[in-house]
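There's a structure below that I have some questions on.
First chain written, first letter: the chains are A, B and C, and each begins at residue 1.
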Amino acid sequence: MVGIINSKAASVQFEGVSKTYGSDVWAVDDISLTIEPSTLVTLLGPSGCGKTTTLRMIAGLEIASKGRIFIGDKDVTKLPATDRDVSMVFQSYALFPHMSVFENVSYGLNYSGFSKTETRDRAMAGLEIVGLAGFEKRLPSELSGGQQQRVAVARALVLEPQVLLFDEPLSNLDAKLRRQVREEIREIQQDLGLTVVYVTHDQEEALAVSDRIIVMRNATIAQEGTPRELFEAPVDAFVADFIGEANLIPCQITKVTGETADISIGDYQYSLAARGMSPGAATVAVRPSRVQILASGTPDMITASIAKATYVGGHMEYTVDTPFGPLFALSGEVDQPFTVGQELALSFSGSGPVLLPAS
Amino acid sequence: MRKRTLIATGVMAVLMSATTTVAMAKDKMTLYCSAQDDWCQLMVNGFEEATGIDVSMTRKSSGETFAQLKAEASNPKGDVWWGGTGDPHLQAAEEGLTEPYVSGMREQLNDWAIAQATSAGDKTIGIYSGALGYGYNTDLLAANNLPEPACWQDLVKPEYKGHVQMANPNSSGTAYTTLATIVQLFGEDEGFEFMKGLHKNINQYTKSGSAPIKAAARGESTIGIVFMHDAVKQAVAGFPIKVVAPCEGTGYEIGSMSIVKDSRNPESAKKFYDWALSAEAQTLALQVNAFQVPSNKGSETSPSAPDLASIKLIDYDFAKYGSSDERKRLLKKWDDDVSVLPQ
Amino acid sequence: MRTVHSEAVSQPVLIFWIFIGWVGFLVLPWYAIEDGLFSFEWLFDGYPFDSDYAPAAFLVAQGEKLWLAPLILPIVAVLAAIGRAKNDPLYAKILIVSSAFGFAWLFFQGFGIGLRGWQFDSLEALFGPLGDRQFGMGYGALFMATSFLFLLTQGVAARGAINGDVFVVSAIGGVIAVISIFVFFPIAKMLTAAFITEDQTYSIAVFSSKFLDDRLWGVSCLSGGGKCGVAWNSLFLAVSVGAITTVLGLVFALVVTRSGFKHKRVLRALTVLPIITPPFVIGLAIILLFGLSGSITTFVADVFGIQPTRWIYGLPGVMIAQVLAFTPIAFLVLIGVVEGVSPSMEEAAQTLRASKWQVFRTVSFPLMRPGLANAFLLGFIESMADFGNPLVLGGNFDVLSTEIFFAIVGAQYDQGQAAVLAIVLLAFTLGAFYAQRFWLGKKSYTTVSGKGDAGVHPSMPSRLAIPVYIVAIAWSLFTVVIYVMIVFGSFVELWGVNNTLTFKHYITAFSFSWGEGDIRWTGAAWNSFWTTIQIAGISAPITAALGLLTAYLLTRQNFAGKSSFEFGTMLSFAIPGTVIGVSYILAFNVPPLELTGTGIILVISFVFRNMPVGVRAGIASMSQLDKSLDESSLTLGANSWQTFRRVILPLLKPAILAALVYSFVRAMTAVSAVIFLVSAEYDMATSYIIGRVENNDYGLAIAYSTTLIVVMLVAVGAMQLAVGRTAIGRRTSIKPES
């Protein structure tokens, strides 16, 4: 039965798209992007960065002020939501409270020219996919949050949309459920080969579910890439800090030899990948987990002292005073933690730190 | 009840035309009525019963109806204009909005009704008449130890201060008739002196002509200057009202009827006209406590109705005091000289 | 599959409206049928050739009314749009150009040619005398105009307005069209009527002489002696009534929400009563109590030996009656506001060491200010428009609304004068409306955030509570006495003269008998009673529908000119009924829209008088519905009409019922606009009752009013039961919770 629901996954393409409100508010400013079919792409960024507007432009709930939008080969720039082959799962789920689960799931099918039996079969298949077979007579208010969420997914799925959109779908769930549901979403996406565009401001969620991530900032795209690319090679301090926290330390590039740059942070010398940068002021980004703290180290290490130590269960979080300011560090060693005021040696692990333009 | 019969006749009409395919256009006419509402309704029902002609009736004051006739002159919608004081009827005749018609019923009418017709080239006719006067609340009069008034001049006596009510001549035809009557009775200068004296005793100038006697009836005022038939009506309703025909003599109105020029249903209009002059139709007035004097000599009158023969009527100059210039002049004079005085 | 969706829908809709246009031109009688819209006698009476009943096409073919001929051009032209794709630029162009032309032509011929040929001398000078005339538009014209309007909106939608959403563009177009015709056009007509001289020419001098009249603006009462101007009288009365009702309304709201007062339900019931009471009935009861021969007056005069006076006639009487009648309105506005002040703010203030009185003075009261302003505005407008109480109790204290009435129906019959007075009245209410918006516009008072608020309202500080109790109890007693009087008055023979108990008045009004197998309604009141129920019943759903549609457009759609659209729809709220009545008479007494004397004009006047309340109710409940509900429906492939019908409407039941109840009750009790618009055939209960009052027939008037009150109590109670049930369903149905 599940087999009735297939995918008609299509690509999404933005060509120089802008969205303005009034004359001077730019919600989205001249962005171009391509989302390949059957991939899950996340739009990630702080609130107000334009990610939701971008999503709503794909849905047709906002019409672009400038530029062109394609779904598959079709130019849908001026097409309203009703006429686009796109479904969306809302943050609030937006289940119709006066309709049963079944009526909710078959709602869109009624407007898509399916026969009665087809509608019924598809709706039931959709509910089965999300594991809610047998709940079809309930009202949304009689379901738990996670179940409501799955009804919303089923309702969108059964239409076999060319693109399936998620607008922060997990933000109303508690932490444990969040992990479970996001795995289910990923699973369904991969099973059916759907094109999914997913908006979130939670970088962990983004890293976990995405094929690719588009990081947005101030109405523009800051960086686009796979989760690993973004985490390990952020283009700038903003991305570095947004995707997993980072210590941003000002430094000087003293010399560039081939692919390697020599930098100095105060008295401390260090070499890392140059990433095409030339000598001068720069920033080095170090993930807290890549800051290594040792009770005693070699003389070329930085001397530092513990300013704050917090026990958070799985690991220790430290704020460490260094000659160039405080750093944030993590340590898996919880049984014998450092104490506040303790002097120690500090270094960065080999592949962790990334050189970025000066911020 | 009327609704039911209407629906029934409607259904009948549809059925009949469906079966016979002959257009059964029922006789009909439109009546503009300027008398009191229940009287208008009664006339419509009576006429429908008597002739089977459908009447659609619009009730509006005589001033409004006159304006409507004027507006519709090129496309008259009404057929007969029945009721309302004579002035606007005369004015309509003057402006050629109504049609001359000499009814066979004339010989049954009082002279004053026919005089009204002759003065307008047969374009209108008197259907009822009412004399001006006043009424007082006997209880209140006694409670305030006031003497019983009998003449116009009694009303300006200082002991009646705050006890007299009349309508505002600007808004009420009745009150204008009072003003014109006083002017004709005492001459213009003395007449206005009288109005000034009266002004001191007035507790309220009402908007509507019959309101003063209603206030008196309810005991909210002692004396009300109105048409006598209005006062009689209150007395008959059980209120302690005594009607006074002023000793100096008094003016009167002639309620009139006219046929609209170029009307759509002239035949029905004439039928109504004749019927409305009949004793039978005029007797209907008693059912709605309209105590005006009917123009048909043969119609029944209420014993409570004022007897015009016993009242000293002045020779009211309808032509002069009905003209809009004279009217405006007198009203302005009253506004400027009388209404602004302190009370 | 979904990409063809809108095309598949747009063609049948297009063809439907084109068809309607053709029907209007070819089939239906072009001019209004004299016997009314719902009479079909014309079908058998010379149709289609008789020129009274002929469709436009037949008229033109017979060589009559040739100015209708050009109307064929647009309806032929739009045929070219059939079969074209919606995004074909020609599609939009054809529709817009031809329907705009058709609409404009319809408009200009309608206003250009009237009962006496050319309506304007300039046209006569240009084309020579016409030698023909035309009457009011009828079915044919109505169909054609509607067709042009919606073809135009389809063209505009096809050009991409509002994302090409035909339903939304059509809804906006429709609302704008009806508001223009039934709100702005009459007002504009009234404004021009103020400048018309006796010989039908326009003159500023006429206006200024009427406008600057001493009777309007005189101030001689201040210096003693003479009377003050009517405008000042009205203004003073309205400001006082607005202020007093606001204070009293606040008092009751405080008693109900912030005190341990035990009989809150009784108090609430008492405050509902005046709303369902025809307004002047209270005036009558006051005369019966305080008039020269009133019970209390007589009693006091006997006991204390005081000479009774007519003090109640004039400002005091009118003010007392209006305060009694309008306090409940202020109460209903304020109770929402008083309840709406977030308790946690008051609790926060208390924890910051403010005393109860200080909390009230510095936090609660300021937060209630928008409600106070609103309540004041309502009281002000109601007082300005009130007609019944000044009529009964005014004495020599003239106010604008009664002056307007007597300018129209009195012996002076001066429409120009009525128009000038109405303009002054309108200026006052619009001024208050503007002032309120201006004052509130700058500040935000939102305290209800949608987040749960677990706090409890503090009870009143005692220095507030004691006076509040006293006022509330005194007022309640007074109200009870008044209503006992009203009921008692309906059962006595002749009030004050003969106090024998009798059912006479009820029998006169509502008797019926059994005859020939069915009921014969022999009572005098049945005619107006059924008409009232009918008109109220028809107008209530229309009001609710139009109000909610407008609310939907205002809350859910964005379009150019939305703020002026909003202002336009709210404007009729600030227009007193008296002004509506006068302007409707001026605007709809002559072609092209002849509506006076019909039941339709009553329905229309109620719809546009009460629509703002429907809009407000709709906005309030729609803003509680998460917008993502509509959006998800749209992304699921439903269009905006389907979304409105399947998702929004079912969730708005409480608002729909509220709007229905309100417009039904208002239609039953309204006087001010109605009094101008009733006719013999369509008499309303209130105007019939006023007629009885004018006839000194208090018993019948009061018996009728009492019956109306009972009927409305039953109706409101039934509707409230229905609302209560859906409200339970709704608790679980607001936004899904996690």
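Operating definition for what follows: a contact is a pair of C-beta atoms (placed from the backbone, for glycine too) under 8 Å apart; a residue touches a chain by one contact, two chains touch by 3 or more.
Quick caveat, the model's predicted, so the values are computed rather than measured.
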Top of the farthest list for chain C, CA-centroid basis, is A
Of all chains shown, the one whose Cα mean is least distant from the combined Cα mean is C
Chain-centre distance (mean CA atoms) for chain A and chain B, in whole Å, is 88
CA centroids of chain B and chain C: separation to the nearest Å works out as 35
Cα centre of chain A to Cα centre of chain C, whole Å, reads 53
The answer for chain C against chain B in the complex is residues 34-35, 40-41, 44-46, 115-116, 133, 135, 225-226, 287, 291-293, 310, 313, 391, 395-396, 402, 406, 408-413, 493-498, 518, 520-522, 524, 526-527, 530, 589-590, 597, 679-681, 691, 694-698
Given the complex, residues on chain B that touch chain C span 1-4, 13-14, 17, 23-25, 33, 36-38, 40-41, 56-61, 63-64, 66-67, 71-72, 74-75, 77, 140, 162, 170-173, 176, 203-205, 207-208, 210-211, 214, 217-221, 234, 237-240, 340, 342
The residues of chain C that touch chain A in their complex are 1-3, 5-6, 87, 160, 163-165, 626, 628-629, 631-640, 642, 646-647, 650-651, 729, 732-738
Touching chain C in the complex, chain A uses residues 59-61, 63, 74, 78-88, 90-98, 107-108, 111-113, 139-141, 145, 148, 152, 155-156, 159, 165, 172-173
